[in-house]
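All chains are identified by letter, namely A, B and C, in their written order; residue positions are counted from 1 within each chain.
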Amino acid sequence: MLRPARRGINGITMLLYFLDLAGVAVFAVSGALAAGRLGLDLLGVLVLASLTAIGGGTLRDVLMNRHPVFWMARPTYLLVICAAALGTVLYVQVLPIPAHALLIADALGLALFALSGAQLAEAARLSPIIVVLMGTMTGVAGGVMRDICSNQIPLLLRQDIYASAAIAGIALYLVLKALGLREAWAFWIGVLVVVTLRLSAIFLGWSLPVFQIPKG
Amino acid sequence: MLRPARRGINGITMLLYFLDLAGVAVFAVSGALAAGRLGLDLLGVLVLASLTAIGGGTLRDVLMNRHPVFWMARPTYLLVICAAALGTVLYVQVLPIPAHALLIADALGLALFALSGAQLAEAARLSPIIVVLMGTMTGVAGGVMRDICSNQIPLLLRQDIYASAAIAGIALYLVLKALGLREAWAFWIGVLVVVTLRLSAIFLGWSLPVFQIPKG
Amino acid sequence: MLRPARRGINGITMLLYFLDLAGVAVFAVSGALAAGRLGLDLLGVLVLASLTAIGGGTLRDVLMNRHPVFWMARPTYLLVICAAALGTVLYVQVLPIPAHALLIADALGLALFALSGAQLAEAARLSPIIVVLMGTMTGVAGGVMRDICSNQIPLLLRQDIYASAAIAGIALYLVLKALGLREAWAFWIGVLVVVTLRLSAIFLGWSLPVFQIPKG
């Protein structure tokens, strides 16, 4: 369907592969921490970590008809998830969890998957508004599944900047590319913007104007 | 896969396109109203409106292996969603929301998507019982996703007529067609029946016999 | 995609067909019982029973790009679901529900779908760790959807053995096959192990070590 130059395929494929691995690892940590709060057993930790880690990318691949789905083609993903989840379990036994660890892992996963989802949508020549939506969905889906399965109100719906951070980062990525910046630069600037906005929301209490239905 | 006469394709395609647009718009309104209740920020409103609006049709397309998924092929859908969501936000600033606005928008979306899902399943020559299920799932999925993400008990599961309305409307559509009525007539009668049943449930308190597990 | 010998196809196809039917029937019963607790109307019972019954297999087929999805190709599935759901409704009117009926039906469905999902993933030559994950997801997805739609904390996340039972049964199945046992034997031993572990957790209070985040 998509036929860029050979070098392009390899470059994008490898980049996406490592980004998916990184995103999968941080989301697995956040899923393991959520499982710890729920007091799941050890295999339950693996399941919730896996769900969080592969949720967004799986949605992306199914919607874009990319088969096999990313984690099916290579067992490395699941090994990384197991390592990240078990590492989290062990770490927690000996050292205190840094404050906001779940939120920070979630912010990194959000940023990496949002931009990688956007990049794939772009490669399929979808229009910019659809690229933004696809990237946002890819970024938020894993965390939403984790929160719904943990019976929490999804982070997505709390009042601080969340989907907004993904939308802003992806939009900036598209604008920078349109202005002629190299793709890799635009990509990492986009990631940085998503993470910065999320962390600002968490630590500085930033938020956007809220839509309240007036009473009366 | 499906090869009716040329005129048939265009007619059905155009009809489904406008129905999807209309269904997407009313579900976007209902999603925006739900976001208002939650006090989401403005981009969060867009995300919840989008999820509600494209949820049912996306499920339909993925299950029936229709790619690209409807909203990916044409940016018009997302523009309609943005317009409907922002229009809702602005409207609410100046005028009171009509009572039951969310329920009515939801009823319209349910009817339009239920019948369009059924029509597509029929075009793929699935058997009638499967046509009914596919249509019902297409109709209810967007609202269920909206309710689950808003941490509400899905409308689907409240005790008034909901899935029942979709099932009745689709079944009537199939019966009328089998009796020789023209497809377009059968379609709109089906839509009317779904909306009427839903509104009767809301305003007149209609409901079906309930399955209660006897105590003791 | 997959082309084993003709006899192999027929054998596996027929076995999977009957397993899917059996799994669908027991999950439909569990969905109908859950609907009874919620006091849904009769068509709502059908919808929740259908969702529970086809959820896991649908996820399996979509992820593995198997089209048409299993219940679309043959109306038998939906007829079985309707019969199981209505049978449950009628049964409950005249006889008391056996204690733990929902949990037992759920355990059987979990076991059947976990092993059938694993078998299909194996047939697609996926690596063992992915076979385990795919089987586990196929087994748990229907019940998770039932619980989320019923606004319950998913059984998956309670502290007794659940996903763990599926993982153990699938792993044993793979090990037995690798040791040279015939596929059918390995399959049924796997099913038995999943059911036994689940029932032990329910009736004997078995559980695995829990991952608790230390306070302080």
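By definition in this document, a contact is a pair of C-beta atoms (placed from the backbone, for glycine too) under 8 Å apart; a residue touches a chain by one contact, two chains touch by 3 or more.
Here the structure is a predicted model, which means the values were calculated and not measured.
Asker: I'd like the angle of the rotation relating subunit A and subunit C after CA superposition, in degrees, nearest 5.
Answerer: 120
Asker: Taking all residue numbers at the subunit B to subunit C contact, is the shared part over half or under half, that is, same or different?
Answerer: Both copies, subunit B as well as subunit C, present different residues to each other, with under half of the numbers appearing on both sides.
Asker: Could you give the separation in Å between the centres of subunit B and subunit C, each centre being the mean of its C-alpha atoms?
Answerer: 29
Asker: Using the touch definition from the top, which residues of subunit A touch two or more other chains?
Answerer: Correct list: 62, 148.
Asker: Over in the complex, which subunit B residues touch subunit A? Could you list them?
Answerer: Spelled out, the residues of subunit B in touch with subunit A are 32-33, 35-48, 50, 58, 62, 67-69, 71-72, 75, 78-79, 82, 89, 92-93, 96-97, 148-151.
Asker: Considering only the defined contacts, which subunit C positions touch subunit A in the complex?
Answerer: 62-65, 126-127, 129-130, 133-134, 136, 140, 144, 148, 153-154, 156-157, 159, 161-164, 167, 207-214, 216
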